[in-house]
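Below you'll find a set of structures to go through.
Each of the two complexes below includes chain A, the first together with chain B, the second together with chain C.
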Partner chain A sequence: MAERSYRSAAGAAIALRRRQHSASCRELAVRCPRLQLRSLSAVTSAVWLAAYGLFVLTQNSMVLSAAIFITLIGLIIYLHFVKVDQESLLVIGSLGIQVTSSYASGKESTTFIEMGQVKDVVINEAIHMQKVIYYLCILLQDPGDPQGVSEVVPLFQSSKPRLDCLIEVYKSCQEILEQRKTAPQSS
Partner chain B sequence: MVLKVFFPSCCSSAESGILIGRWISEQNSAVILAVVHFPFIPAQVKQYLSEVQRVTKVSVSVLGSWSNSKQEKEESLSEFLEDLGTIFSHEPWIQISKEGDSNFWSCSTLQKHSNNPKEEEIILVYYDQRKVMLSHLHPPLDTAAFTDHKAADASKLAAIFDTVAKSKVLFMTDRYDDGPIKLTHWQSDGVEASIIVELMKQASVPACMLLTFLLSLISGICRSRVLKFWPLSFLWSKLSTCEQLGHRLQHLQVISSNKKAQNQTQLMRKANIFVSLLVDVALGILLMSWLYRKNRIGHLADTLIPVADHVAEELQDLLQWLMGAPAGLKMNRALDQVLGRFFLYHIHLWISYIHLMSPFIEMILWYVGLSACLGLTVALCILSDIIALLTFHIYCFYVYGARLYCLKIYGLSSLWRLFRGKKWNVLRQRVDSCSYDLDQLFIGTLLFTILLFLLPTTALYYLVFTLLRLLVVIVQGLIHLLVDLIDSLPLYSIILRLCRSYRLAAGVKFRVLEQQDGKPLRLLMQINPLSYGGVVQTYRLPTYSCYPKDTWTSLCKKLFLGELIYPWKNKGEKQD
Partner chain C sequence: ENSPAPLPERAIYGFALFLGSSFGFMLYLIWAYVPETWLFSLGLTYWPQKYWAVALPAYLLVAIGIGYILLFGINMMSTAPLNSTHTVTDNYAKKQQQKKFQEEAIPALRDIPISEVNRMFFLPEK
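Coming up: the complex of A and B.
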């Protein structure tokens, strides 16, 4: 189990943790930057100041309770649906690849892609706003066309690691994916 | 190659025995279904397995041996288990052994006919047998098109789910049975059943037959010739209540049919229709009890006539305003007065009819309100129809204004072409040049000028009545949207996803359990449930209306040209 720190595309600090469970099973987890206390307090104070300003104008105390309600609900929705804590990739040779995103509230959303559907794992370049970023993605096999790609599944979309981190992940994945080419095919 | 063994977690504490299950050679994986305990006679085991294979069409065979020893490993037992490999010949012969309470089992394979003696890696995947048996895998929509491919290309997971689901008959024997074979699987401690469920199954057959008989009576009456005469059939087609009642009748016919549901989709659809009907009727009865308490229906009927009067008065004020100088625009006095008086007379007629009907309104409303017990959707449709009937005069005004405006626009465009020396060629469907005589040109130009200067007046009337009509259409549309929502929502599927989420599976997820060096890789396979959006999309009930009929551009074009618009059209109605 090894953990190294890298930087994301926006400059925040992220950490990559690699675990080898067996010869054909590896887990790669990228931990996203945590929720900053100062941004949370900035947003909360802004909302409450605006609500207090409205209260002074309208003299209606419902505005204040509505602001508290909105802040609480907004925070819960943000933690449960938006803020990703950790993104991990579990590669099990001959079974498949599992992509998990765990949110700050503890919710985990998992997708499992069978090995038969995986064509390859590659690093792509993309133009995102004013930047050119690299991202890792899984190419899915088109059932009808052996050379074709039916879908591209991008990985690590919330943490957006930079190229050095992506190269480490890419090398780990390719070591396991190569095993399925060298293994003798059963009749 | 890597060997994958799918082991049911309920057999982790079973006594020593042999493993039976299915071997999927294309994927090099073994799905273990149960453990057969000592003592047994090999011939009887083989006979039992061939019977199971015949019934379930799953190729069940003996895959290996399982030894669970509380003390240290016994050499004699292991030799005995190896010898069993020669009796039940299976390639490869899997040997799993568990010592004491250790979580880490040792797994090995015996290959007799293999070329390479290399040790292959073994992955042990635990699965919850009951959940996998009951769950239904939902493939992503794009792979559904490739069902004709060979089994090797098919999803590996689908094969595993299929194997466990089809082996139901294997799980019917529990340890209290006196047969020659003693099995351990998820139901080996006793088959569970619910008395209520069994009673309902018995009661459902006569109930279905009664319902089918009643429905055939009702549909016979509906199809009789008496109701098909022209005024009545026109009325039925225009009222949305009849559409909704017909739709519900169809649903009832689906539920009460004698045939058992063939596959999962049909079963879910029947269940969804049943729950939807139940909820609809419950809400309708609730609404009815609320309406009839404290004589609210009477109050409603009393306020209906004053509201209709008020609407008519507002319309009269509007027409007086249009007949004056509306928004500072100067109208053509004569045409203005003619149109205004024409519409005022219509409103006068309408008010008289309403006042004629006023003594009967309360009684009619009282009886019509009783039909809310058929369901909330029927009550909403009746509301929509009442709104349509009460605003019938607005609809009439809209039609008059639209027809006038449409005539004017067509006349103007044709005369404009004459003005430029062109003509519309009906044969070739295009504009051709044409030489007109002098008197044709003269009259044409005169008429064009007249129509052009009368255009603002007509356009204003058309605009005002179209806006009113659109308002009514939007209100009716919202009510129909609500009815459609209640009709098409798959409530049973959503409740199932909430309470028994393993029944609707989008896929699986693996969790890596504690590892120990030298022992095989241990994984836990859990079911990944379908998202709520996926549930609604897969199991939506089809409805009878399709909207919108027109895109926004064609709607705007129709409004500009003065063609009549009917934004909410039902499926099955003839297009005009």
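Coming up: the complex of A and C.
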């Protein structure tokens, strides 16, 4: 079990943790930076100052209660649906790949892709919001066409690690994926 | 042939365009500035309202300004999302034919699949 720190595409500090459960099973988890207290207080102060300004203009005290309500509801929605705490990839050699996202409120969302559908795990470059970024993705196979790619599943969308971290994850995945070519086909 | 050299025909087209655009501009200035009563006394009654002499340039400038933003937005919408297969392949690459490998000849041009490219870049050969 080893944990190393890297940078995300935007410059935030992220950490990659690698665990080897067995010869054909590996888990790679990327931990995103926590919610900063200073950004939380900055947003809350801005919303509440704006609400106080509106209250001074309109003399309607509902504005203040509405601002408190909006701040609380907005924070809960942000923590539950938007803020990702950790994204992990579990590669099991003969079984499949499991992708898990844990949100800051504790919610976990999991996707499992069975090995028969996985063509390859590659590092792809694409244009994203006026930048070209590297991102890791799983290429899914079209059952009718063994050479074609039917779908692309991007991974680590919230943490967006940079190329050095992606190369580590890529090498770990490829070591497991190579085993399925040398191992005898059991399906 | 298509050469950018100055030719007599091009000189004539240019001069005709120059005369036409100067006439159009003079007409626009007359329509915008000459009072309506003078135009009526000359018998020219069926011209558009002078409101349009200011409105059309204003519309044109706003349209040009919006055009910059629209072009930016259209570009952003046309960019393939990260989960689309267009970032990896396209119709021409899917239908390409493999040429036979000949000894001591430069290999034929082809679209290399992304798995192979990744192996070449990121897995160092021992």
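In the analysis below, the second predicted complex is superposed on the first by the 185 of 187 C-alpha atoms of A that agree within 3 Å, B and C clash if a C-alpha of one lies under 4 Å from a C-alpha of the other, contacts with A are read in each partner's own complex, and residues count from 1 in each chain.
We adopt the following convention: a contact is a pair of C-beta atoms (placed from the backbone, for glycine too) under 8 Å apart; a residue touches a chain by one contact, two chains touch by 3 or more.
All of these numbers come straight from a predicted model, not from anything done at the bench.
Undergrad: Could you tell me if A:Leu49 is touching chain B, chain C, both of them or neither one (first, second, both, neither)?
TA: neither
Undergrad: Output check: A:Ile77 vs chain B and chain C. Expected answer is one of first, second, both, neither. What do you get?
TA: Neither partner.
Undergrad: Who does A:Tyr170 touch here: chain B (first), chain C (second), both, or neither?
TA: A:Tyr170: touches chain C, not chain B.
Undergrad: Using the touch definition from the top, say if A:Cys25 reaches chain B (first), chain C (second), both or neither.
TA: It touches chain B, and chain C stays clear.
Undergrad: Quick one: classify A:Leu90 as touching chain B (first), chain C (second), both or neither.
TA: After superposition on chain A, A:Leu90 lies in contact with chain B alone.
Undergrad: Check the residue A:Thr111 against both partner chains and state whether it touches chain B (first), chain C (second), both, or neither.
TA: The first partner, chain B, only.
Undergrad: Is A:Ile123 in contact with chain B, with chain C, with both, or with neither (first, second, both, neither)?
TA: The answer is second: A:Ile123 touches chain C but not chain B.
Undergrad: Please work out whether A:Ala12 is in contact with chain B alone, chain C alone, both, or neither, and reply first, second, both or neither.
TA: In the superposition, A:Ala12 touches no partner, neither chain B nor chain C.
Undergrad: Which partner chains sit in contact with A:Ser150 here, chain B, chain C, both or neither? Use first/second/both/neither.
TA: Both partners.
Undergrad: Chain A residues touched by both chain B and chain C?
TA: 150
Undergrad: Sort out for me which residues of chain A touch chain C in the complex.
TA: Counting only chain A, the residues touching chain C are 119-120, 122-128, 135, 137, 139, 148-154, 157, 167, 170-171, 174.
Undergrad: Given the complex with chain A, which residues does chain C contribute to the contact?
TA: Where chain C meets chain A, its residues are 79-80, 82-85, 87-89, 94, 114-115, 118-119, 122-123.
Undergrad: Contact residues on chain B for chain A in the complex?
TA: By the definition above, chain B touches chain A via 1-2, 4, 25-26, 28, 121, 123, 125, 142-143, 146, 149, 153, 155-157, 507-510, 512, 515, 520-521, 523, 528.
Undergrad: Along chain A, where are the residues that touch chain B in the complex?
TA: 21-25, 27, 90, 92-95, 98, 100, 110-112, 114, 116, 143-144, 150, 183-187
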